[in-house]
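The following pair of complexes shares a single chain, subunit A, combined with subunit B in the former and subunit C in the latter.
== the complex of A and B ==
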């Protein structure tokens, strides 16, 4: 949580969502921003999408917290600013995990934040896409009922264990909605850009936010426990190559998980490239080694490779699991792996745009426990580190 | 009349025995078919080289986890099979492979193709839920009677092309009353006949019961009309198209699993298809509001343009769509119209050139 102790309160008699829309309308009307990026119901009415809105009339149908996440917001920002910044000042109203993914993409040069103000709000989660689309129109009500009480039961599995559903980093402004008093919503600025916007709208931080903070922290603690439980249980189920292969046994290698992932930005994934296309002889040889070769080939390799490439930036949004046609708990597995990898580097993806990516940052004193000791190598004991502990299986030279 | 081989077990078991004989005798070095590949009973295709592994094979299990035509194209893309292998494909998968071979995306060299008169497959989500096993008795009864098996893919219920065109060997399933007790393999080609020489079984002459086949075809046609109405395909103008695709999340999974979509980098993945800041500024000024999932309908229309000449209506696209869009119906409608205009059927004949790349001087004179 931030150190800010005061926030700007805005009345929201019509509910938090309407309050946020009113704020966005004001921002447009007063020229504090040129456009608002916010989810809105699509014309056909059966889904939601992000809309970039200049005319406030279109904000009436906006939905800051839609029941589903069809597209990760970070991808949207990347498609707007990926080819350079435009001077259009945009207020992007997104869920915390989308903001964090946006920050990671900024570090990867896929997003330009110069004219983008990121605004997040307390997020109750989203319903899985399949539940919403197969729910015969019940999805809206299901979400509304659950989110009123902050019950995460119908939400994505990783939403249920999310401890970063509030101000979690990277945002310029955060809107507190969890149990705020008197039907109002609370705005806190987390950056000079955010402060500037609130000032322009005449919103001064005068309210004590400690009540809201306490409620948020309480829920964070509960979620942290759930997360640990889920991770521990899952680890037992997938630890080791055999169990991991089993977990991905229904994978049809469609790569949908990769395509909806905000962090996976490569125009052509390594695993779709010629590097992964082998001659028939290779496949036959592999089949003969074990008597059989599952088709499609190399699906487990794809997942491990993807983990290697993006798990340090994984924000556990859950898009991958939603998009998987065979219901593999992809985001839960990547959350488990991501959490552990991120912890090893004391890294929190999206916390701050100034925090550099661990894999591209040289640190001299890092992971010394797995380094080989120079002295030991000279003494012909190349497998031992300074503490005399064996660090690697030896290979005879 | 065609030469046939009869084996005295039901279709599934006879086919397993045949595959085993081919592998054990060294006539083929590998077999590609469905089987249990996971401890939890997951059923996938695999390339089997050890005959013992055929124990867990289920060649005729009604599931298409991936389109095998597309997968075989992947396996033979860099180089053709250097050793003989036998593959068990559904008619639509086979037609897809033939289309891909025409486009130099694979090779049929050294491949012995075994197919069947196909009763359809269940949707992927039923495999995920583990529901297929309990439907098997009902499925095989429907196959025997030549009826539509309920709960199978809608694309399958509407499919008229369930008799394979280019298989070396076709196993008779649909409308075959004896499918549980005796297997009839039609040996359509010299390669097919040559490969089964020496196999223990009864050789005879036979032919597919065309009256039954036509009756089944009639049922499938009727079902297709009914299903088309259900998804309201009749009045598919631009407004209806936009509405149909309004739920699309742009994941491109339809393209990823489609055999006809073989481009290594799709146009919609290139820089050309993406928009710079000027585009957004201009659009914003014009309309005041931009749907950021841009080019959704555009993508689908372009995809239809590109694939409909080779679409075999397998239904893989609809199975993997996270937004439950009835893609199979749209692809079917587009492909029938396009292929019909050229008197072409995708994958019917490997010698038949692709209409879009074949110059015919007198064609469509009415529109020139």
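== the complex of A and C ==
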């Protein structure tokens, strides 16, 4: 590190959420942005949704860190900006996993970020939808108590093993809230756009943020360990086609996991398309060949197909698992698969919009281990290619 | 529609019959749904066999055809022609290989038969879902685009232009002639470079079959052999022209290495230290000194040191022509300034062959000094220059000189990599455009119809460049015959307007630049004239909006299902 990173601080006597709302209010009032996209309690009071807010009065009831994630913010930005651009400057206040998914969608031209400033905050996680709605009003308190002391216990299983809960990439501004002293919150600009917004609001980076960074890094280390443990344990349960089929055996083919996934951006999912509809004779032929055929067919193929299509961009947000009516640990399974696939390509989804999607970039000397020459293998030199050169594993960046 | 699939198994003499139980195959499929008839034949590719197949298709009213025989590489076209003759769309035919991939790879007849049955089942499953397609062809364009107006490009243009073949010659600078027009003398005959160029140009300029673009850049090259779509932009007027050509010749030439990174030679800092090209410029009669070799102070030099191999170690390759042109420099010096002392500081001399070796001996005979030197440093010393050097065999030495001529490494012209990227031609580790094969395809590139000649592919003499231009021209003349039709790929990709969500992934992976983006409709669109049907877009498109005709999901899925059954 060449110099100590500094951040701008704002008082947040009323708590971090209030501090973030105050910041958004100032941004709107001073004309630094034209609109704020932020979660807010719905009018009926029993859930939360994203609101695109032009009037600062609406911000009073905003909830930058709602206890649940009923919709992924990346999908919200996509629906706003994906069909034609506007020069309206939007500050989008969202959780880090939502920001990372937004970046992935930007790489896929489903989001136009030119006039969007993404603002994230340290995220304590969210509690599962079912726990919140079944808890008869207890949900808010459950979340508040847990997030006060950064207890991940009631949170989504993938939130508990999330090591990217802080400034993990994609955001223009990050707001540090983890253990900040005296009720103040810390703003760091992570892009020129973010810097510009802070400057317009007269917020200068004068505060030493190393204490906050140390706390964040410590929690990241703990979470990495937990993530590995969880992945290892899950892997023992699901590895191999038989175990995997068993893991998804209760799937009812509702495809909810795909519908709520921020990365599943297809206009129509391949697995809902006519491609997966067969004539009676096809079913009959398959039934003949196997003696009997489970219908609907190909439900495991759907999950494997989705892994193939989106696991490199999976940000482990947990939407899929929340949406599963039969409690399949979808998100944990996709986290395990995603982590391994992403590692193979040295790819971190959502880190930067400048990084290209791994499957669209060809590198000649990657994955030589899967191009093993027969000659080398039969000579007992599994790690060498035809030319006797040691092969490289995966993709290096 | 009722499907009547005909399945024909070829015995291929004994080639297949000996190792596959064909009767079992016939028994297996004859009661299968959709299969109208299963028959075998001794040799389907024989005249008798083809006639049998043709009559069978007609007689049984077949809607689809499967032939289980040899490799499709060998006879797919044969049987497609039979289909056409019998009135069946040839794309409703599927061939499966039970010879090379079955009969010939095992001695176990039982296993071979099982595999053959799976392969045929897969072909039957797929063919039922194939669609009837129509062949399309376009006229080849006999015209040629030549990029680079140096000696190589001019010669290619000269050979290629004819009344039924137009050549478009694009040069980025304001005039044709390239480096050679600035060489007062050429080795080894010491004839005039400008005169050589004028002679070449005389047959190109004014030829109505040649269109010359100067001050122009090629901004786009799409397409394939016989049908390239080109965009040329005039840098001065910003005027753009679209051209259609059948082949492209890249003759983009070389530049000298930038010497900023080699301060030891004093270039750019010390007076009277020149690069080889600057010395050439000085010697041209129309040049800044009127063709006189002069120091900055206006006096002629009494001693000149020519330093070879400048930057060779950094580049890691020999620039091949410098030794000989350095000898030429000594001749030019001796010719213009008879009393001058000319010294060659070389580390290795490369003057091979019957002509160059004699040229070297003759130059040496003129009293030119040859010093084997390494680690040369050039410094100012009062009025003169000191060249200090180390030598492998002898002691260190200092050489006093009035003028120093540096002979820097040749490198690809600065826009070479741009053409590499535009066309998908790899550049080699030295940055030059790679030939398809060093020995067997020395002027072809990895892109069919695109040729690389002259210094664009590495340091070359004028002679070598001309030889390459003529070789490329020969290739083009024999292949791009005016009036010939070019058959387009039938199994092209198509993108569903309904399902495309505009993510542009297909555009980023298409190796033929055959997909463009429709900003208005927010969807990707395939140019069928450019599409080769490779299927990369279909593989990359997660929603299946991109599909390749007859390699669509359903066809492949049915095939895989059947083979695994």
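Everything that follows uses one rule, which is that the second predicted complex is superposed on the first by the 368 of 397 C-alpha atoms of A that agree within 3 Å, B and C clash if a C-alpha of one lies under 4 Å from a C-alpha of the other, contacts with A are read in each partner's own complex, and residues count from 1 in each chain.
Just so it is clear, contacts are C-beta pairs under 8 Å (C-beta built on N, C-alpha and C of every residue); 3 or more make two chains touch, one makes a residue touch a chain.
Quantities reported herein were computed from a predicted structural model and do not represent experimental measurements.
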(message) Do subunit B and subunit C fit side by side on subunit A in the superposed arrangement, or is it a clash?
(response) fit
(message) A:267 in the overlay: touching subunit B, subunit C, both, or neither? Say first, second, both or neither.
(response) both
(message) Once chain A of both complexes is superposed, is A:348 in touch with subunit B (first), subunit C (second), both, or neither?
(response) neither
(message) With the two complexes overlaid on chain A, check the angle at subunit A between subunit B and subunit C, Cα centres, nearest 10°.
(response) 110
(request) Examine A:357 and indicate which partner it touches, taking first as subunit B and second as subunit C; both and neither are also allowed. (result) second
(request) For A:220, decide between first (touching subunit B), second (touching subunit C), both and neither. (result) neither
(message) Quick one: is A:80 in contact with subunit B, with subunit C, with both, or with neither? Answer first, second, both or neither.
(response) first
(message) With both structures fitted on chain A, tell me whether subunit B or subunit C touches more of subunit A's residues.
(response) B
(request) Please indicate which partner A:281 is in contact with in the superposed arrangement: first for subunit B, second for subunit C, both, or neither. (result) both
(message) So in the superposed three-chain picture, is A:255 touching just subunit B, just subunit C, both, or none of them (first/second/both/neither)?
(response) first
(request) In the overlay, answer first, second, both or neither for which of subunit B and subunit C A:300 touches. (result) neither
(request) Taking the superposition as given, tell me the minimum C-alpha spacing from subunit B to subunit C, whole angstrom. (result) 9
(request) State which residues of subunit A lie in both footprints, the one left by subunit B and the one left by subunit C. (result) 83, 267-268, 273, 281
(message) Can you tell me which positions in subunit C touch subunit A when the two form their complex?
(response) 33-34, 498-505, 508-509, 522, 540, 542-545, 552-554, 557-558, 561, 565
(message) So in the complex, the part of subunit B that touches subunit A is made up of which residues?
(response) 29-30, 32, 37-40, 42, 44-50, 52-53, 65-66, 68, 71, 74-83, 85, 124-125, 127-128, 242-243, 246-247, 249-253, 256-257, 264-265, 269-271, 274-278, 280-281, 284-285, 288-294, 319-320, 322-324
(request) Spell out the part of subunit A that touches subunit B in their complex, as residue ranges. (result) 35, 37, 42-44, 46-47, 49-55, 57-58, 70-71, 76, 79-86, 88, 129-130, 133-134, 246, 249-250, 252-256, 259-260, 267-268, 272-274, 277-281, 283-284, 287-288, 290-297, 322-323, 325-327
(message) Touching residues of subunit A toward subunit C in the complex: what are they?
(response) 83, 108-110, 265-270, 273, 275, 281-282, 285-286, 289, 309-310, 356-357, 359-360
